[in-house]
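In the two complexes that follow, chain A is the common piece, with chain B as its partner first and chain C second.
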Partner chain A sequence: MAVKALARLAARSSPETFLVAGRNAQRLAEDLSCDRRIRPAMTPRHASVLLIVGEVPGRDVGPLRQLHDQMAHPRAPPECRSEPDPAFQVALRVPGEADPIDRVLTAHRDLFAGRLASEPDLLPDEPPAPWRGRGDHGQGGEGMMGGKPYGRPMPMTSDDLRDGLALDAYTLCAGPFLPGLPPGLLLEVELQGDVVQSAQVRQAPYEQSTVSRETLLLACIARFVRLLGLGALATRLLTAARAATSREPVDVRSLGRRLRWSRVLAAIPPDLGIVAGPGSDQQTDVRSRIAAWIAELESFDRSASAGTSAVPRCGLSELLTGCEWQEALLVLNSFAPEELSRICRPEDDGRAESA
Partner chain B sequence: MSDLPGLAVMVLGVVLFGWLVQGIRIAGRHASGTAPQQVPFIGGAEPRTHAWQRYHVRYYPMVLLFIAFEMEMMFMYPWAVVYVAEGIKAMVEMGMFLGILALGILYAWREGVFRWQ
Partner chain C sequence: MSFFWMLVLIAAGVWIAAMLDRLARAVLEKRPIGDFVTAPLTDGIALFARQRTTTEHPDAVNWRLAPALYLGLAVAGISVVPLGRDTVPVDFEASIVLWGACEALTVVAVFLHGWSANAPLPLIGAYRYVATGLPVMLISMFVLIAAALPAESLAVTAIVESQTSVWTVLRQPLGLPLFLLLGLSLGLRGPFDYADSTDLAGGTSAEISGPHRAIWQLARLAMLVSAAALASAVFLGGHLGPVLPGPVWLVVKTVFVLGLLIAAGHLLPRIPAPRMVTLLWVVLLPLSFAGLVLAGIEALG
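Take a look at the complex of A and B:
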């Protein structure tokens, strides 16, 4: 009885939605995340609905299935507007003219009211490989737990960059749908603690549709500011970006004032992510790039935009090596999508794929 | 013989507790979720290594920090006993002592002894 009452309460709440952006859909996904009827979730574990916006290439269907299975029960069937890939079983298709948020709300209500069954798993409930050591009885091997537990090796020590303290080197494959990274980017990062030892791009980010300069600035600053923990300010900027897309007037001066008063520039570590500037002797770091974006937004001087674009001559590995993970995310988000695509060229070692 | 009921109660209590622990283990078998849910969320990609990392204890800086605070404590214990009787003079002397030790802690702070990496 209490469970039914709780389920009725849950049905009336706004659904936690994990948004996945595909090709040419990052702006649309961000516009949908501003809708007050839903609560965007940071991980699929917190979400009850998975909303896929835009076209996701076939090679990323496996990660999508993983995200689907990582959602806790009860989970609604994924909503897809475009023609779904046959390998990814989609129960519900959203017709082109339907509002996706309405569909999300309906699915969420039906799920908790018991009218819709929770989606079954797509992947088998088995670890990738049995736990096996080196010995006849599965014992032995290097690492804390012996051998390769479930087929994955344990991180072993290697030399550190900063102070010579050899720590465990953990290889992280971040992406392609990690919040904080551009959609589609698959980054293989070797971390010791949270310090990046090396970074390789395995998959370039998806191409995104061209938008007006004002919308681009608002969206890029919003993504950056969200990483610094200012979620409300980021939502305000994304709402302004949505208004700019619809050609409604945007009070850029007020937004610029809020950005300056929030002291975002002081929160950025100095001399981070230094790349060559427009001139041969000019260099820009993350702080100066964000300051240039804010100044350009406040004055909205189109002629200044060509002068402030950074020209990264180094690859991603040189840019991120030595940064902490949070600093690495700040560096990645301090470039506009076009500049980032130039830096994120996949490594040419046979495992690379381009968008 | 008069202890027999107490002993029986104790043995029964131990057995019941053992059964309770086993019952909790059996009831919570599926609490950790399915195999895909046990994989950490890193954007959907398959992880290449486990996320178990060892961290260095950093004995030397930890011992230095310990000594700094320990010396404060060592002198504050007897000082606390006589402080009320001695009055302002004792407070000023302890303040000077703490100031000197605080300089050492500030130096250690700048050197990154409090950063857990």
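Take a look at the complex of A and C:
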């Protein structure tokens, strides 16, 4: 009886939803995240519903299934405007005109009410490396050496960039659906602690649909301020972006005042993410790029053409090396999607795949 | 009996903090407020209906113990706050030192929580918390010692009684703002949420779910309430006040400080950790030490 009461109570809660944006769908995903009937989840572990918006290329279906399997039971994946993965048992193809959030709410309630079975795992629960018969973890060597326990090499020491102190460096693959990174971007990052030692692009971000300059500015600033912990302000900016897309009036001056009042610019370290500006002797850093966005937003004139932007001449690895994790994400999100695509050229090592 | 009322204070404080958080978000996002009273309870209890997930080869014992330790430290910390003139769960001559011990062990609890998951993003959250948490603890100890000097005692009850004529916040204006930084750090909120931040997809809580997550969230809020209660006792006179009974004054002041903490959590940006560490060691720590020196000169005068 207590279990049933708990399930009834859980069904009344608002569903935590992990949103995955595919090609040309980042804006739609962000609009859906502003719907107050759901709570966007930072990680699939916290979500009861996985909402896939837009088309996810075939190469990323594997990571998508990994995301799915990381979700805690009970779970169900409605999909929006894309072909459902045949492996999803209860895949719901939402017609274009239907409200996907309604389907999310229904799936959430049905899950906890017992009317919908929880999705089983899609991937086999096996260690990533084959059993080789020797060592504590069957990795083929003694102790933690001689092979890759769980398919991961042991972190070995290397000199830290900052002071040459030899620390444990480890390699992490971030993306393609990590919140804070552009959808589709897959980075291989070597870290010591939280400082990036090197970063290679394995997959470029997905192309995104063209939007008006006002919408683009609002969305880009929203993504940036969310990384500074200003979630409420980010949601307000995304709501304004949705209004701008629908050609409704947006009080950009009020938003600009709010941005300045929150001291966003002061929170950004100076000289972070320096790239060459439009002029040959001009350089911009993260702070000046965000300041330019805010200034452009406050003086926004719909008839004006898009402003000139920074032309990054260096690759992503050079930009991110030496940055702390949060700083690295701030650098990435200080560029508009089109500019970022120019920097994020996959490393030509034979492993990069085309979309 | 005082332990019972202490637990009631924590439980009510957690609920009020969750409500204030929802209210603040709705107001700042400029959207309809909706159900901010029962929704936090429903959403929190719903976590117990979900599976407790795990990672590959975590440090299972410490991973389970960390939320319990964190919650225990919150309860231990608030136990030194006098609820009324003769009502304090734990009263001894150096009760402020007990609070200091709880602060220091919070760093251990949060670090263990990130370490034990055996995953990169929680580990980064753990490292960042240690780097920023240690200087914040030092700042809070200077501030608390400065507040204890007029009372000539390290007992929180004596510190409250020393504010009969004037509150500490008026005597030492810098003390409360600096102590609030500690509150934000202990509760992993806003500009000091380096452990469970959005840029780390949840940080130390990125790999947890179900009852584990429920206890961790509860512990965070409980620690916030604990810090708010101590701040109201040490800086705002605690249970002292006219007309209303002492415990009511304590609750009013605690809710006020909770409101300040939650507002700060939503309004202030989170500076990247290296810059924050520099700010803490180079600016705020010397400032808190200067406040201690001034309090000492005033006490000697």
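As a working rule, the second predicted complex is superposed on the first by the 318 of 355 C-alpha atoms of A that agree within 3 Å, B and C clash if a C-alpha of one lies under 4 Å from a C-alpha of the other, contacts with A are read in each partner's own complex, and residues count from 1 in each chain.
Just so we're on the same page, a residue touches a chain if its C-beta (ideal position, glycine included) is under 8 Å from a C-beta of that chain, and two chains touch if they have at least 3 such contacts.
The model shown is predicted, which means the values in this text are computed figures rather than measured ones.
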**OP:** Please indicate which partner A:Ala10 is in contact with in the superposed arrangement: first for chain B, second for chain C, both, or neither.
**Re:** second
**OP:** In the overlay, answer first, second, both or neither for which of chain B and chain C A:Gly175 touches.
**Re:** first
Original post:
Regarding the shared-chain residue A:Leu228, is it in contact with chain B (first), chain C (second), both, or neither?
Top reply: second
Original post:
Taking the superposition as given, does A:Val264 touch the first partner, chain B, the second, chain C, both, or neither?
Top reply: second
**OP:** Check the residue A:Pro63 against both partner chains and state whether it touches chain B (first), chain C (second), both, or neither.
**Re:** first
**OP:** Please work out whether A:Ser198 is in contact with chain B alone, chain C alone, both, or neither, and reply first, second, both or neither.
**Re:** neither
Original post:
In the superposed arrangement, does A:Thr245 touch chain B (first), chain C (second), both or neither?
Top reply: neither
**OP:** Return first, second, both or neither, reflecting whether A:Leu330 touches chain B, chain C, both chains, or no partner chain.
**Re:** second
Subject >> chain B versus chain C as contact partner of A:Asp121, first or second or both or neither >> reply: first
**OP:** State which residues of chain A lie in both footprints, the one left by chain B and the one left by chain C.
**Re:** 43, 45, 70, 72, 127, 170, 172, 178, 193-194
Subject >> Footprint of chain A on chain C - complex, ascending >> reply: 24-25, 28-32, 34, 39, 42-43, 45-46, 48-53, 56-57, 120, 124, 127-128, 190-191, 193, 197-202, 206-210, 213, 266-275
Original post:
Touching chain C in the complex: which residues of chain A?
Top reply: 6-7, 9-10, 12-14, 36, 39, 42-43, 45-46, 48, 70, 72-74, 112, 127, 150, 170, 172, 178-180, 191, 193-194, 225-233, 235-236, 239, 262-264, 267, 269, 324-327, 329-330
Original post:
Any idea which chain B residues touch chain A in the complex?
Top reply: 33-37, 39, 41-56, 58, 117
Original post:
Where on chain A does chain B make contact in their complex?
Top reply: 43-45, 60, 62-64, 66-67, 69-70, 72, 121, 123-128, 144-145, 149, 152-155, 157, 165, 167-168, 170-178, 181, 186, 188, 193-195
